[in-house]
């Protein structure tokens, strides 16, 4: 039986690409995303064409029990989850305080912070009983510094980062590897940045970043590091790592 | 008319003592706390006996509109808020993930992160219109590192710290001083630590820390720094500061 | 007998102004700087005109035994040093790696890191024997993030910051207060920024920052916080604090 | 012609093992260490037995021109350096300030900070001309927090970390990958920890950490991550990463 990799937040950017990478390496990948059933179907087909194995589920992580039931169903019907990739974002663009309704502030927390808490509450006891498991948590610059207009996003991500540390403190000695992966820059991802900018501005942005398209973080290259982290021996685990493209400045330099 | 200092979270520890200090320095202090009407009344009386001026209100910050209405009422009935001290804590002691219900995780966020967002949403536009104002935000070690059992508290405080940075980025150039004050250690506070430990263990703990009682952070001494921060000239503002007792190790050393 | 405040690096910016402030508050201030005997004389006279008490010494801190002998002489001839302000800078402007000679890299360390180590080695045993004392260490943005062209400065200041933490770990429980003060922005200081830019560009820079001259950190306002730190009760000491002008962005936002 | 990996500080722990790993992956590895010619010979032989390719040189990095001449000689006689592993340590155990002579403080800087500056000054212009290259810099907990007795080590490592950031700011856009690798815990390394503790205490320490010997950071597992970092695509580079064993607490939790 193949080990299982569950991806929560499996769009066409980091989530889907990381899922594909684990499938290529012999995992059965379970892809969950909120919408775009057609895109989800294509992701699964791509993996299967490539001789990989995958399942796809639409899931609204904001709904009560959605994550919990998916974790239980995967464990019951597919197999033990070895790797959980938590990739829900909560970027809503820059908004002044006056333009950030309570609902937007709360939704950021509900997806990015509470969502991880729910996923961890569901999967950590199972992993603990097996003495092993991996949580790969995608994070953002906003987890380490709050910038203008990022009220909702930074509060959510800052909470997420501290939660990763408390999870690590409790579960690392029990064999569960928790990694907080700081994506420090724009990702070449049509489902997130692409939607934020709109198709035309997204394409202009990509071209401005360079012909070789490596002025943006490329999801397939990000996936190399996600996979490496999941393979690290427990004597040398990484808890926090940053990733950015060579031509971009780190967050502390701008 | 006296300048107004509004304290949200005015127990017998940091909140009440800081309020008293501002009253001694010529502010009218408005003290808000969730319970213990008798204790609140005593605080106000103490201030008045000392020739200071204060008002007290019971307020459950977890209730919708509680903070918003209090801010509006103070502005309408007492005067413009010059200093807002946000002192709501969310420490619930160390609890393993399995012992941290969703409700507890959410309540931490609701008080410590969302509460500040609501307070800032209410008061910042008023301060911005006046071109000045101060937000003093009490924070905790858990805002900068997640420790075992601190799932709810660290996620809430980590979010709070990032929120302070986004507020600062937006409002500092508009003349509003946002300070994130890291209380890194146990405070000699009967209403928080005292309740967490119970009266007997609290007394033992105090005695173990030294006869001179400065092995704990003393609220009256903390208040000196809160007051200093509120008086800093805008050419030399502090955004982040830590406080601990001389005999304790900083968080990065244990 | 007045308590003594020894300032190492007492130019017309932070160092001299902090020294003046301590003199106003009843300390005898000892001012040490490398050059400009005339400027040093004026500083002492200014303090004395103001009914304060001060001494001034030219001292090249890069020379062996200079700091050590000054500490010993002050203790022998003037009185016990209560507060040592370590204010030697090592900013040499932005220089590419190829334009940073070994000598420049070493000099940065020699003044900013090793200088503090020597000062601490001289004064801490004396303060330890007295059970009290304060080290106020001026620091810079470069202590927490390395930016392009800051090879010498950032390496020196990063070392200085870690040294402050090791000094604090050893000496705080012995009653010595070590504070690392992060000056995060340009200071209105003719002897440092003024010399770096030249008088004309310095004046243009000042004017561009605003008519009220509070778009730059004002030394007299910085001095308020230095003095506050030295007065903190040992139950609520600050180890790290940042200072910047309201109109400037913090280092993590640019 | 094989790509070249130059290891400065190639003892039997991280340095030698990382070198071996690069040799296994097709690099010619150049190993430099201060002493133990016999151990160095064995390392080279081990690599060659394994069909790898390596050279070994004794080098006292504290001597002027030692690093510079080695870099030049490798480039002239062996080939262009693709990867430089800077692995000089400066841990001298915990020593109170009074037990840390100036010489010890300076030596820490000379090896750990200035050594890296010299290596970067020698190799970066060559890598820049080629438009690519990798600097993997081993670092330690002391780079991010100063603990009691670590005056020399923490000052040196804190400076090193900031230097890595200034190097990254200048050279990342030119195609040079600078990675600061925080080894946060004890390494199973006979040449460093082994010598610090002595053979008997080192063996006891290893046994106390667990029968499977993964309660210590294992150099061969550390090497996996060094190699991964050197293979990262330039659209997704890591600048900072931590490594620790699963059973140990991160530095921020103790």
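Per-chain residue numbering starts at 1, and chain names A, B, C and D are given in the order in which the chains are listed.
One rule holds in what follows: contacts are C-beta pairs under 8 Å (C-beta built on N, C-alpha and C of every residue); 3 or more make two chains touch, one makes a residue touch a chain.
Given the structure is predicted, the values throughout are model-derived calculations rather than measurements.
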Where subunit A and subunit D overlap in contact partners, by chain label: B, C
Interface sides of subunit A and subunit C: same vs different residues, half threshold: same
Separation of subunit C from subunit D, taking each centre as the mean of its C-alpha atoms, in whole Å: 34
Chain centre separation in whole Å, for subunit C relative to subunit A (CA means): 45
Shared-contact residues (touching 2 or more other chains) in subunit B: 145, 147-148, 165, 168-169, 252-253
Contacting residues of subunit B [partner subunit A, same complex]: 96-98, 100, 102, 105-106, 109, 113-114, 117-118, 120-121, 124-125, 142-143, 145-151, 154-171
In the complex with subunit A, residue positions of subunit D that touch it: 165, 168-169, 172-173, 175, 177, 213-218, 221-222, 224-225, 228, 231-247, 249-250, 252-253
Contact footprint of subunit B on subunit D as seen in their complex: 144-145, 147-148, 251-254
